[in-house]
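Below you'll find the structures, each written out as structure tokens.
Next come two complexes built around subunit A: one with subunit B, the other with subunit C.
Now for the complex of A and B:
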């Protein structure tokens, strides 16, 4: 990774420290700054409220020309997060063809927060969960809350 | 009234100088100052006799000469004289502005008016002294345009910008302003980004980096303009990179055009000559704003242009002109049988398909092994980054990188979460860092079967070889 890329990651971390984005905590290891661990609270009013979700953000060598890779390390019942041990996300900003270099990690984290409040059904990575969200909201919320209890406490 | 010792006029001039340090005091009661003229709306200027209109943002400064008579300010107005280099300001405007000094002096009924007058001139300069357009002789055109350009550059160099990519404040002198959209980035970041795009052959991303750039079209797709080679050189990018960019861009267009046939000489393989995609001569002259990354290729029309007068008699089927000429080696060949040109009246011989050079065979093998073909347009794709849900760079089809299956655009991910798709189930994020073409991808579907067959064939050969070695 180039020196300027490292500098930018440091700067972004600095910004996150001064402007502390609400509802999350970032663990940063200076020895391994290309991998951030984020602890995100389930937003109030969403099915995930009360849960704490561990996220991993990996910066590629070409950052910021290529997007960071985001994955949920805590299992989450969500149409936009893959329902496997990877917990991957691949939508919006995070798609290489949509990413623009001025975008920042904070924007990615905000996107994730807003997706927890309102999933993007049109771009569901888990269509069955997406369908449930659309057609049987009660069942969806029950399942989501169930998972919060089971995995995210 | 002048008090003992200090003249009121000297005092006023000194005060004025402390406000405008650029004021030069020439004599005890005379001074001059250059006032910049940068109208908020650039002034349209046309130069005779050519009727070309230029919008000029910075005009040469307005010079104000002041002379204060002995009975100023009580009894006499200040004497003012205005001028501009190249005399671009029309005489009647100069006269009008000069008269204003007198009017102000009367308004102030004999008070000190210099500051008020200079402020008035400065304000008037913002609206180009009320001019809505200007016509000048073309003898001053160059100098005027040069001046505006120089001023723009000087002011830009002095400014400080926050580069949105490295997030550092940078002096204008190491920044670049994009010509079309005016976004500013530091040259280093622009170079890193654009060189990287060109190196990876990702020419469709050679555009402004800003998130505001590219309007969303009514169909929901973003349309952004690619940068012209000329602009890339101004940033500056190395000539070699810009040449590569222009070459790839042209090549992509040619490849997307099914009517183009390639030279049959295996060592050449140039495209046939055509007016549609002119050969690149000098990228330094390429100002093309051509920029739709994907222009729809017009189907070859069967209609012949109707020529008035004598009608030309066509030979054979209309639109079946078989003669093509290679743009690289100038070989004349037949589009149908790919033999060297045999004339219009010869039937084509069937061609030999096994004429691949070793090099071509090697790249063909590589393509077969390490790329996934788009199910719609068959263009071979290699994943450089991201998940296995691919969007074809050529035709925008959605497909699976692992098995090459076409995916419905409204639900492309369903493919990876359906356990029935054995080879691809739960493998959306396999090799998210990209396929480096070293065989680390385990493809699925028919592609996977081929890959496995290939693997076992190699394995069988290896075992056989080992056995042979043991025997001997």
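Now for the complex of A and C:
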């Protein structure tokens, strides 16, 4: 990883520290700054309220020309998060062809928060959950809350 | 090498005991008073020891037998006083040709054993049937069986020829005529006047082997087949090379004419050559001046009028008619470098402006353009001039371009059908291919839900430092190449004509669509990033095959 990329990551971390986006905490390791660990609270009013979700953000070597890779380390019942041990997400500005260097990690984190409030059904990576969200909202919320109790407390 | 004929003549040569100088010279006797016989219908049993152009010759003699049984049996086939080794000069080793009847395999072994110890150049055998004039059977016939698996042919250092029985008996009887001294041979009286009495008059033979270029028929056949195969492969390879070369040239022409955008199609990831990069304008950042606000206003109102300040011939947008502006106007709203997020220092930071008017720190943008991509990181517009063509158009690029355009034509043709059907019809290979292509560049996605842009929360669009993207690119592209609207410009991110709408009615269809979509997304992330890497992954023989048959899949 080039020095400029490191500088950029440092800078972004600094911005995250000054802005202090609500409802999340960033664990930053100076030794391995390409891997961030984020603790995100389930947003109030969503099915995930009360849960604490661990996320991992990995910066590729080509950062900022390639998007960071975001994955949920805590299992979450969500149409946009893959339901496996990877917990990967790939949508919106996280997609390689839509990522632009001016985008920042803060934006990524905000995107995730907003997706927890309102999943993006059209980009669902788990279509069954997406369908449930669309057609049987009650069942979806029940399941999501169930998972929060089980995994995200 | 088979024998075509054996020519037997009668010769006179001096007795080495009675001459001063021993040489190999001999006199051939006149044909009217001697025995001359060209043997026909010869079967070659073994051609061992015969070199091309080295026809065996020698004095005819009958080799001695070792056992009494064979000697007794021989009497029926060989006249009593036929020429033996004893009837030839003893001290000089003349070249010899042995003659023997093949009446039993055991006695034949004795004949061969004797002949091996003598300077025999060839062995003539004849069949015991005195009436036979036909060509004797071939070497693997049971008439020549020795019950030793044919090893006699290898242990003999001389060739063996079989002649018909009639010829054999004739030769043998003549050998009995020419075995004594000069006065006893036919026409001895007249010969005595010509030659000294001590001279020998004997039969001499020369085998005329054929040219030897003739190979056994099976080998000839194999060689011909092999030759044909090589010829066909060569011709096919040549044809494919020619075709591929024409395709490459055609693609190059289309790239130069601006009909094809290699990078936007995802055919090839281009980079910007250093010498071209150095032509892109570099200037110190001037700060947010009045110009900036003015140009911002302009940019937001009439984006189409945005044009490159110097009417750069290299600019991708064909320029709108008006307004050459100062450099300062170019930096509309950019006060920070989008790559390192540092603010530009007025009058200090050296910035590079791309044809799309986005500016960056030189240190930030140059390595990216040199090594990674030729697209502006912000608007994905190509930095390269419209007719730019990479120096090398490879077969892989040709193949991808053809595949993509073919699929696109299919898609266009199938567009009247339900989009769900399109997705279902696409072969799996196509999905992965497109996924790969999508991953390489700022190409578009295969399956995109058009409503996604609306449903996306507003606050995730990063606006800080992102200037309004000029729309001129699209219109210019449409005017320069109106016939190729199917070729997307990178700015048309959401692939209007290609991305199928999610089928909304049937849940079954919709689920299938979503599954495909998810697979495509995953493919995006795992696919190999570029053409070169993919080439290396291919196995070696596959690459070799491709070298011989370019365009072969």
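Rule of thumb we're sticking to: the second predicted complex is superposed on the first by the 153 of 153 C-alpha atoms of A that agree within 3 Å, B and C clash if a C-alpha of one lies under 4 Å from a C-alpha of the other, contacts with A are read in each partner's own complex, and residues count from 1 in each chain.
Just so it is clear, contacts are C-beta pairs under 8 Å (C-beta built on N, C-alpha and C of every residue); 3 or more make two chains touch, one makes a residue touch a chain.
None of these values were measured; they are calculated from a predicted model.
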Exercise for the section: Identify the partner contact of A:141: answer first if only subunit B is touched, second if only subunit C is, both if each is, neither if none is. Expected result: neither
Exercise for the section: Examine A:84 and indicate which partner it touches, taking first as subunit B and second as subunit C; both and neither are also allowed. Expected result: first
Practice task
Go through the superposed model and pick first if A:103 touches only subunit B, second if only subunit C, both, or neither.
Solution key: both
Practice task
Would you check which partner chain A:92 touches, where first means subunit B only, second means subunit C only, and both and neither mean what they say?
Solution key: second
Practice task
Answer with first, second, both or neither: which of subunit B and subunit C does A:60 touch in the superposed model?
Solution key: first
Practice task
Considering only the touch criterion stated at the top, classify A:114 as touching first (subunit B), second (subunit C), both, or neither.
Solution key: second
Problem - Partner chain(s) touched by A:37 [first = subunit B, second = subunit C, both, neither] - result: neither
Problem - First (subunit B), second (subunit C), both or neither touched by A:7 - result: both
Problem - Partner chain(s) touched by A:127 [first = subunit B, second = subunit C, both, neither] - result: both
Completion exercise
subunit A residues contacting subunit B in one complex and subunit C in the other 2, 4, 7-8, 11-12, 62, 64-65, 69, 88, 90, 95-97, 100-103, 122-128
Fill in the blank from the handout: Listed in rising order, the residues of subunit A that touch subunit B in the complex are 2, 4, 7-8, 11-12, 15, 60, 62, 64-66, 69, 71, 82-84, 86, 88, 90, 95-97, 100-103, 122-128
Completion exercise
Listed in rising order, subunit A residues that touch subunit C in their complex are 2, 4, 7-8, 11-12, 62, 64-65, 69, 88, 90-93, 95-98, 100-104, 107, 110-111, 114-115, 118, 120-128, 130-131
Problem - subunit C - residues contacting subunit A, complex - result: 338-342, 363-364, 367-368, 372-373, 377-378, 438-439, 441-445, 449, 451-452, 455-457, 459-462, 464-466, 493, 502, 507, 510-511, 514-515, 517-518, 521-522, 524-525
Practice task
Please name which positions on subunit B make contact with subunit A in the complex.
Solution key: 164-168, 188-189, 192-193, 196-197, 209-211, 384-387, 389, 391, 410-411, 413-414, 416-417, 426, 428-429, 432-433
